[in-house]
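Attaching a single structure in structure tokens format; questions to follow.
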Amino acid sequence: MPARDSGAQVSRRTLGQRFSAYLAHHRQTLFDGLQQLGRQPLATFMTVAVIGIALALPAGALVLVNNARGLSAGWQGTARISLFLKNGLSDGTVQQLADSVRAHSGVAAVQVISAEQALVDFQRRSGFNDTLSLLGSNPLPAVLVVQPTAAYTAPAAAQQLAQSFGALPQVDQVRMDVQWLKRLQAILALLHRGVLIVAVLLAIAVVLIVGNTIRLEIENRRAEIEVSKLLGATDRFVRRPFLYHGAWYGLAGGVLAWILVLIGLALMGGPVDQLVGLYGSHFSLSGLGASGVLGLLAGGIVLGWLGSWLAVARHLRAIEPT
Amino acid sequence: MIEFHEVSKRYDGGNEALAGLSFTAERGEMLFVTGPSGAGKSTLLKLLALIERPSRGQIIVNGRNLGGLRRRQIPHYRRQVGVIFQDHKLLLERSVFDNVALPLVIGGVPRNEIPRRVGAALELVGLLHKERALPIQLSTGEQQRVGIARAVISRPPILIADEPTGNLDPELSYEVMRLFQRLNQVGITVLVASHDHNLIRRLGQRFISLRAGRLVPPELAGGAYAGT
Amino acid sequence: MIEFHEVSKRYDGGNEALAGLSFTAERGEMLFVTGPSGAGKSTLLKLLALIERPSRGQIIVNGRNLGGLRRRQIPHYRRQVGVIFQDHKLLLERSVFDNVALPLVIGGVPRNEIPRRVGAALELVGLLHKERALPIQLSTGEQQRVGIARAVISRPPILIADEPTGNLDPELSYEVMRLFQRLNQVGITVLVASHDHNLIRRLGQRFISLRAGRLVPPELAGGAYAGT
Amino acid sequence: MPARDSGAQVSRRTLGQRFSAYLAHHRQTLFDGLQQLGRQPLATFMTVAVIGIALALPAGALVLVNNARGLSAGWQGTARISLFLKNGLSDGTVQQLADSVRAHSGVAAVQVISAEQALVDFQRRSGFNDTLSLLGSNPLPAVLVVQPTAAYTAPAAAQQLAQSFGALPQVDQVRMDVQWLKRLQAILALLHRGVLIVAVLLAIAVVLIVGNTIRLEIENRRAEIEVSKLLGATDRFVRRPFLYHGAWYGLAGGVLAWILVLIGLALMGGPVDQLVGLYGSHFSLSGLGASGVLGLLAGGIVLGWLGSWLAVARHLRAIEPT
């Protein structure tokens, strides 16, 4: 109907005018979405709370795993290698040997326990004061306590390191405290597996929750969608408010998750301090960090948007009046 | 402007709502469709608004075969057809103003133009004072008039109305029909489904009559009306 | 049976839909309420069905002041009043059968009695063949008739109908009104809001006329009708 | 309207008839709810999945905590008390002492390490073969390794036990390996706190999810509720289908949670075996048990019912047409 005065109205508008109207609709939809959330505060809070909880759990788990890594790094002290030296080496030779061991790339620190010091220790620990003082000479050897670097803390690597030191001519015997390390790593593997299961479940849950909420909302706004389509609205026009809506939910859920993680960390602080105190290491729980917070919020928005998209895509056609 | 060629519509339920219907409405014509309850009047209008697709036959609007429209083209086509629905189809959570403005928002009309045009459309149906009300705060007749304002606001070249005066008193019905006549006089093609034989006769417009999905010859139809 | 004493209704929006209305409908009477769109007809019926409460004045039904009913008593009261709503209020996801059966289910009627009574009610409105259909598969007039079947199925002592023939053709409208007359003859008190002056005149029933929430004296009302 | 033929219909029915109609409605509503879930399988699955995940996490956590308790009981072996006896006691005296220690109520087992055995051990572990063979006599004492009963495993109790044995005249020194125990208990405290936080969050989540779903469903069925009330339905009549609906959701969620816990346990099996292997203890993960499963299902039903109730109670009045 090209020449008709009344009908050509819409298409005669300039491209610029139409684009600015388009942008205005985007802007309005964005804030309409926010307003709509505000109009039913309790309902909105319920949905946001569920999303927030679902986001907080994997985020919190991530923080814990990161902290556990830091913690196990702090426990590297346990992965010591003790080099029992041959008897009768002079203090100078021992110091020289300690320096050369210290130069190895896998070694973080070397502590020298001289034969005299070893005897004192032994006496203190065994309580054999009388017996040992009967001995004319000190039967105990000097010991080098080697602290491997982080890269050599894993049982296999530490073992390798120990073997190479065992080959040194001045070294009589090598002992390594790997038992505790193995235990720790087994516990961490267990936790890690658990956290993975939980994280996968909860990621699914977030998409389902947002999708579900948006789906039910679409049902609720079925009339609106239907009427808009009957009046000539395109699919994109109809979809837009739902996508913004989902994104707002996701963002709000992300913020709540952040707060929950902070609370969770505060609550975990006590037991962690206690645990760390037992190992005498310097360690305090680290939080999400700026990038973690940004990731959490962005993740919330993306998941919310995604859930909406899935729900809308599935239901837009179903509502099609044709 | 509007041509039906042997159009049939059989719903999933098995009802043949239209059975081989053919008729033409010229550009700029005003045509009434009458017939008893269940005759297929709404079905006819739904086919025109692309709410339903015909089972057989062809519908040509403005030289264009509706069967050939692709999904993407449907929204643009719908903007060319103003529809007044039998059940209003107002958005219950939006104010009267927002309801009437919806076609403009969908059509991408600049925001600053909207209030003036909504005001003018509401003025036409005598409901400017109800601008801020929600649909449920209106009487049924008022809702029907809001639906009319929404259908005419974007000045579509074709206007179709399904029982637009079913809930209006005789005086208001007459006024609404006069409004349609005025729109028709500025060149809009108007198609109205109505039971109100008295009113149609009074307006002196052309009408077609349906019964069980078929056209009733004008002589018979005229006879039927005389009896009421 | 039904008495309105100086009843006013002001909605939250600020509209005075009814302004000091008084009238009486005797037991077993059939009374029409007419008036233009927005006159307050639906408001009057809503007050009777306890969908709204009056702002001032008293409504006495069957000797009982509706203002004195406690929340718990409302369901039981409502079962005594069959209502035909202007917008049908059918459940869209339930079949015609289930819609019509709903008052019986709510009333605790034994299940084996239900099909027979639903069949009889649908028969009355000529829709027995649509028993299995969903409301959206019906024409608007058919929906209206389902609403009528639902309102009469529990044989309530009072029947109120809001524009029950707005979407029906003249013949069917007359039949429905005759149905109401038959129900009235077996003792049911019937109150009908309608615009259809021709029909009311033809039935020869008593009517009251509203305008802007007030009663219009019969002489004036009669005069107004003569003109249409 | 007592005498009227048509109106008295409803109230004239006998009480028995009305009660059986009432029961029939209950029965029908129950199965209608199930049917309704089946009618929208995907939507139902989404909701049930979210509830299932939310129920599975605290249930799984409970299982883990229970297992950890069992595990730490299995690790009691670590809480040994070593009694270093005075030098020069005869084997008979040592055996006698061992018997009297074994008689103590806090003692589960006593292992005797004679002086000879101690020397062999020491030689093997220290590598001082040559040195010690120089000694004319064995400088090492006999040792009794005492395994406390479960009741005496806690550090404080074990300490007390050790003190009482230290007072024996034949005992020279007492040593106790409580370090590891303290570590384990700190870790368990940490886990316990974490599990508690997670469980509280998820219990809230379940009620919110069910409440939210039912709330949106009520919105969706607003028309139905409104029409039913207009036709004279009581609140209880209107509420019933939603309550059954919520209960079905909860039950289905509970079943899903059960399955998830089973899968989770299967996945955790590997790392747990590894960990347990390191401690040489006999232990395998135990599941929910019959009472746990029943509790989970019952909990699901109760939470679903509760969520519905809350949502319905809040919204029934709002929909009130009056």
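Think of it as A, B, C and D in the order they're written, each chain with its own count starting at 1.
To be clear about the criterion, a residue touches a chain if its C-beta (ideal position, glycine included) is under 8 Å from a C-beta of that chain, and two chains touch if they have at least 3 such contacts.
Treat the numbers as computed from the prediction; the structure is a model and nothing was measured.
Engineer: Under the document's definition of touching, what chains do chain A and chain B have as common neighbours?
Structural biologist: A chain counts here if it touches both chain A and chain B, and no chain qualifies.
Engineer: Could you state the distance in Å from the CA-based centre of chain B to that of chain D?
Structural biologist: 65
Engineer: Nearest whole angstrom, what separates the Cα centre of chain C from the Cα centre of chain D?
Structural biologist: Chain centres of chain C and chain D, defined by C-alpha means, are spaced 60 Å apart.
Engineer: Between chain B and chain C, what's the gap in Å when you average each chain's C-alpha atoms?
Structural biologist: Each chain's C-alpha centroid was found; their separation is 28 Å.
Engineer: Just say which it is for the chain contacts: an open line, a closed ring, a star, complete, or other.
Structural biologist: It is a ring, because the chains touch in a row that closes back on itself.
Engineer: Among the chains present, which pairs are found to touch?
Structural biologist: Inter-chain contacts occur between A-B, A-D, B-C, C-D.
Engineer: Applying the document's contact rule, which stretches of chain A touch chain D when the two form their complex?
Structural biologist: Within the complex, chain A touches chain D at residues 42-43, 46-47, 49-50, 53-54, 56-57, 60, 64, 84, 87, 127-128, 131-132, 134-135, 139-140, 172-173, 179, 182-183, 186-187, 189-190, 193-194, 197-198, 201-202, 204-205, 208-209, 211-213, 215-217, 219-220, 260, 264, 267-268, 270-272, 274-275, 278-279.
Engineer: Which residues of chain C touch chain B in the complex?
Structural biologist: The touching residues are 11, 13, 15, 34-39, 41-42, 86-87, 133, 137-142, 144-145, 163, 166-172, 174, 195, 197-198, 228.
Engineer: Which of the residues in chain C end up touching chain D in this complex?
Structural biologist: Going through chain C, the ones touching chain D are 49-53, 62, 74-80, 83, 85, 89-93, 102-103, 105-111, 150, 154-157, 186-188.
Engineer: If you look only at chain D, which of its residues touch chain C in the complex?
Structural biologist: Chain D reaches chain C through residues 1, 4-7, 9-10, 13, 17-18, 20-22, 24-25, 223-224, 226-234, 237, 321-322.
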